[in-house]
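What follows are several structures.
You will see subunit A twice below: alongside subunit B first, and alongside subunit C after that.
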Partner chain A sequence: MGFILFLTCATSAYAKEYGDALVVGSISDARTLVPILASDSASADIVGVVFNALIKYDENLNLVGDLAESWEIEDGGRIIIFHLRKDVLWHDGHQFSAKDVEFTYQMLIDPDVPTPYSGDFERIERVELIDDYTIKIVYKEIFAPAFSSWTMPLMPRHILANEDLSQTEFSRNPIGTGPYKFKSWRTQEKIELVANADYFEHRPFINRYIYRVIPDQATLFLELQTKNVDLTGLSPLQYTRQTDTAKFKKYFRKFCLPSFGYTYLGYNLTDVRFKDKRVRQALNYAVDKNEIIQTVLLGLGRQSLGPFLPQSWAFNPQVKAMPFNLQRSRRLLKEAGWQDTDGDGWLDKNGQIFEFTIITNQGNEQRLKTAEVIQHRLAGVGIRVKIKVLEWSVFLAEFIDRRNFAAVLLGWGIGIEPDNFDIWHSSKTGEGEFNFISYKNEEVDRLLEEARGTFDRKRRKSCYHRIHEIIYDEQPYMFLYIADILSIVHSRFQEIVPAPIGIRYNLIDWWVPRAQQRYKK
Partner chain B sequence: MLNYIIRRLIGIIPLLFGITIISFAIIHLAPGEPTTQQEFMTPRISSDTRARLARLYDLDKPLHIQYWHWLKRFICLDFGRSLADGRRVIDKILERIPVTLTINILALVLILSVSIPIGVISASKSGSLFDKTSTILVFIGFALPSFWIALLLMQLFSVKLGWLPISGIKSLDFEYLSWSGKLLDLIHHLILPVFVSSIGGLAGFSRYIRQNMLEVLSQPYITAAKAKGLSRHQVLYRHAFPNALLPLVTILGLSVPGLLGGSVIFESIFALPGIGELFYRAVMMRDYNLIMAEVVLGAILTMLGNLTADIAYAYVDPRIRYGDGSR
Partner chain C sequence: MKVSLIIGILIILILSVVAIFAPLICPYEPSAIDQDSLLMSPSSKHLMGTDTLGRDLLTRILYGGRISLSIGIIAVGIATVIGIILGSIAGFYGRWIDSLIMRFVDLMLCFPTFFLILAVVAILGPSIFNIMVIIGLTSWMGTARLIRAEILSLKEREFILAARAYGASPLRIILRHLIPNSIGPVLVSAILGIAHAVLIESGLSFLGLGVQPPIPSWGNILIEAKSTLGIAWWLALYPGLFILITILGFNLAGEGLRQKYE
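Up next, the complex of A and B:
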């Protein structure tokens, strides 16, 4: 019996076969493969498999070592010492060392490098090389989110030391330490990567990683249907209806996982009508979030209940959703002085009817539809809503930056680190800063400062739980939904195990049985 | 004649200068800046990076200084670097030209070779069944949105029948193919895009030729030719046809800039790395250097196209002479 068991284990462990290619379909091309300059999702996708960072998030959203083997946190978090792996080579064969970490840091804080990620690194007082594989980071003061900023991919010093990062050839011919090596890039067509046989964890089983650019959603779907694309994202409609055929079920696996971001309706709190907390709460009671999720996302999402994500430790489970309740909504509006005195069907106060415009950005169908549901529901309590859709540049420059809006429908991609100082702290209301709704609460300010000033998880947790409570009660945003990330993968790929972080964390373990391999080269 | 050409060429310079000033002003007046595009809305990206980016891209300087910097570089034929990825603008444009140019030239050839016979025949048999059917057909082709036809054809030829690839310009294994395999692969990929991009152009050209042909056929010299007892065929193709083609020279001249223009919708449907997509994205991102390079390119091509048409006209039509009005 034991023998048989051993045999079955052995076959499943050794039967994995190398070969084949994974063809990823994307609607946009990468812009630059210099990791610290890449800010679009296509570039980040490629950078993610070509480069490594010191640390990374594992499948359950915990920070674990990547190129760092271990680390010590001293002086309450002001000093971090990373011990690096000694068995890591750059794709050109050069040894990876602490000098590369130091170099990446120097580039991040160089004022001549147009990187959007400098913020967290400017808090570093100095970086010391203890030896080739040990590096000490000393911060000016304790800054809790700093640790997670070391998920920044690292760049090779020996290649880039004398290059101008914004003009280097490296941006189209990168050399990293990751599981896949860069091979070729045909602009607006495809980027091709090949397995790195010397990868320090182990060689990836799939030989080629091909990133195909197909800008049109309909074409991309046809390419998927004919199996010329193996992995791509889906819209809710494609997920629920168009892929709900026998053929798709036979050849593909679909995945549905919560995203790391939420969609909200933010009120301009300098607008007198929205200064009153009762009005904001009333609006929240008047809109049925589940209706939005059912109609706009076709059920593929969940209600957002505050500024943190439910999968995060910062999320306070005590916070309960304010239900959809028109009577309470009407009562609160009445208390705030809004009544239909002239019988025209719209609420008014001091002779002014309650009417405002929701602005949102062009090109996001879900946001527009959401705005329409809100418009319909608010009309039900006597508030007239108009919707304006704007091109992104104009949206930011003319409306958000100038505070020229009443309410804005937008989404935050907030990542896993819960620190959201930039969104809620009252000091972050300047032009181009992210507290553009002008939220101000002294307790929240104090708690935000306290939470980022300590590495003590318990203390941070209690701060964030309180912040969550206050913000959900005050309703500076109407928190709407957290959409699911929908993806589809050809079923010949084995060992895909969905986890909170997504499906691609164990890409190097994916494999295809030889008989089913599609690309022989 | 040489005098005339030189004068025209010199005339291009102030015109080009004017075009660049106006376009530079317009794109900078449009709200938004390239820097707003760098960030997506994630709070982890600090906001003072915006000022830093503006400084690096010269955007904090007054507009006339920015234009002056641009002009200085332009005179040395340096279009600068793209604000999106730091690559040289000229490289970004050059790598897009082959696809766009190939498809547009092939489409133009296809359009001419189909629309000229249609135009000539329907003019000679004006009012006939052929005339009416072809008119209706080309107008249907003209009216159908190209993205819709493209999707239908993809569904039929690629998904259902599996004869043609859906999108792209090369197969994934293109590098591993032999020389002839590569050529065949390219042709395979070009069939649908060239066909779809020709459909819309048929109507214009065939109607134009039909109209010209009708006009020529009503001329007295045609009546004379008929009276001489020439065959119908000779009258039509020896006497009428060449004259009906004359105005085509102008149209071809005007379509020169179009050869390097592309359509965003068309290119995204077929996933082709063409100029249209590049220009569209440049405008959406306010990539000033790239937009200016494309504007200049378009302006120069338009002016050269007009000039070539005018010169060619003088050669093919003896009634027209430039620059020697005294004779």
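Up next, the complex of A and C:
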């Protein structure tokens, strides 16, 4: 503690300087900048700096005010009254008010708006504008994720009131309240943002935020080496072996932080073969997760044991990993009717070979390698796997949204709030929604509803523990790993303080001494 | 002159034997993952080192050779058959048939082949079969032109006139007299074509649009090399070397043969 204090004192002794640009390197391009439609990490990244929500998570994962100055919670949590800041302007100069909050709510529950986030807001009975800066939200019943759901970024009513959100120009030219204003977007190339001088906290020190799309990890790494990129993620191999040189240590700082996401292999449960729980369990027994962690992550991560993260109170410590066990796997497959009857080395049933394709997104070498390990291991029990790597927007639009896949290798970034209704509830299987594997279990549905209907931590805990048990037993996903987040930032940026939430929470405080600034203007 | 032919043929022979008997030569499985030997540099245990999943590189290269070489040979087979058929029809019948076929050849030559292949693979999806066929269908034009030119000059010779005088059918003249007499240059172009096809396959696989994992091919082994160039030189060097030697072999043999025919 003393050390941190000392550091902050030392830096604040100098006046911070404005200027320079932060160039972020990303593998994938954003899809849409309409906040309530954005569900991929690239879009969320941009939305996160262009927009604000009523509340946000601080560096230690506590909920604090963002556009809301204060709030009152009444009637045991059924009613929330937010008092908004009065000094917030949209990027076009228009005043931000409670009407924008009401508008965003109306869009979220509009059945014509294909947002994956409607679930949390359908629980609201009514929204009342008390005055321009006070809004009262009344829920139908106690709804546990109610408060944290207001981390949803807010949209400007005066611009979008008469627009169709899935068609609007706004998705490529957004106007928010955030620390950075949108400037330009060249598809598959870069998105440029500029500092919002009127930002209500204070003007960000770094003038420009440039999001460069480089759809290949190796090329991205070369761009980092030539210092055309300032901040990006690293692969485990890059982190452990390629950034250890004196040059890297001089020019860059590396960070390794625990992540809030897990990687999984999801089965399309409308596929007859995957409807059988024994088959899914057999696949899980046939793949050695530790092998994946050691080979693909080089040990920088841990096994995922279900839909919750181990650091969460929702995680059930009684759930034990199904071990790597080929015999058990073969036995289960045999029970399910899959046997090698013609001696060609591949399992078959009714004359059909057990063969399926795993799809994953292009540019993520870790996922491709993971797919190769799974492919190798499943071949060991007689299942033939093909791998198809797809460009991100095609991947989402043609395959995920249309349910056009057998198995998908993907990751979830999950919040601190354990409510994962949108991923597992059987009502969430519509287009653009998150239960794209079509999982349906009545008990899980009921428990998900029960858990969000109370603030009683004990009761919620027991619900989530049971959900965890059921889902891990049913294996709708093969839960693979929780990879550490590895990132690297050019060392000219000052005041980066890693915290449980990551490094970018205090982006507006980052600054670069004038002498070291690379991008003038 | 002859030296290059002999060296070329020797290289081709050695590569073919090694590729055909890969399962007997290699001590490892090409897709056997070994978490204790990730990215090991060449040693007595792994002569060419291992890749990022601990798979033996030599094994993968030899198995990859089977794929790369067979794609090259079959693709050129397809191209040669198409080229001979169209070329001999054009050369023998002349007139509007000739014009039609030759304008079609010109049309095909207008496309930058590699990009045409990329586009087709993107539509049909990458698989070994598709790649063989697509490379075959886009590289027959040279053969067609060669055959046509040969036949144009051959068909005025006395022995063809004699065959016609005896009342031989056009098919018989083409198959028995014209093609056998013009096969030399075709053989040369086919051998050079294999080198070209191997290179295209490697390029496609390198871009992720060729042979799909876990089946190794020289091109897709190189994908990994790209991201590990600074720390694992062997992943780039050996597959690259094999591509180089193969192409050198076919080119030497092709050039040697050409000189022999001239």
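Structure notes:
The rule is short, and it goes like this: the second predicted complex is superposed on the first by the 303 of 521 C-alpha atoms of A that agree within 3 Å, B and C clash if a C-alpha of one lies under 4 Å from a C-alpha of the other, contacts with A are read in each partner's own complex, and residues count from 1 in each chain.
Heads up, the rule we're going with is that contacts are C-beta pairs under 8 Å (C-beta built on N, C-alpha and C of every residue); 3 or more make two chains touch, one makes a residue touch a chain.
Note that the coordinates shown come from a computational prediction; the quantities given were computed from them, not determined experimentally.
By the document's definition of touching, of the two partners only subunit C reaches A:291; subunit B does not. In the superposition on chain A, contact of A:387 is made with subunit C only, not with subunit B. In the superposed model, A:316 makes contact with neither subunit B nor subunit C. Once the two complexes are overlaid on the shared chain, A:372 sits against subunit C while remaining clear of subunit B. Once the two complexes are laid over each other on the shared chain, residue contacts for A:241 go to subunit C alone; subunit B is not touched.
Look at A:218: by the touch rule set out above, it reaches both subunit B and subunit C. Ranked by how many residues of subunit A each touches, subunit B and subunit C are led by B. In the superposed model, A:519 lies in contact with subunit B only, and not with subunit C. Once the two complexes are laid over each other on the shared chain, residue contacts for A:429 go to neither subunit B nor subunit C. Of the two partner chains, neither subunit B nor subunit C is touched by A:494.
Shared contact residues of subunit A with subunit B and subunit C: 218. Looking at the complex, you find that subunit A touches subunit B at residues 21, 23, 31-32, 39-41, 111-112, 114-120, 122, 145, 149, 166-168, 171-172, 184, 186-190, 210, 212-216, 218-219, 222-223, 225-226, 228, 391-394, 396-398, 410-415, 417, 420-423, 428, 430, 432-434, 519, 521. Note for the complex: subunit A touches subunit C at residues 217-218, 221, 235, 237-238, 241-242, 291, 294-296, 298, 362, 365, 368-369, 371-373, 375-376, 379, 386-389.
By the touch criterion stated above, subunit B contacts subunit A in their complex at residues 30-33, 36-53, 56-57, 81, 84-87, 92, 95-96, 147, 151, 154-155, 158-159, 162, 165-170, 172-173, 175-176, 267-273, 277-278, 284, 286. For subunit C in complex with subunit A, the residues that touch the partner chain are 31-33, 35, 38-39, 52-54, 208, 212-214, 226-231.
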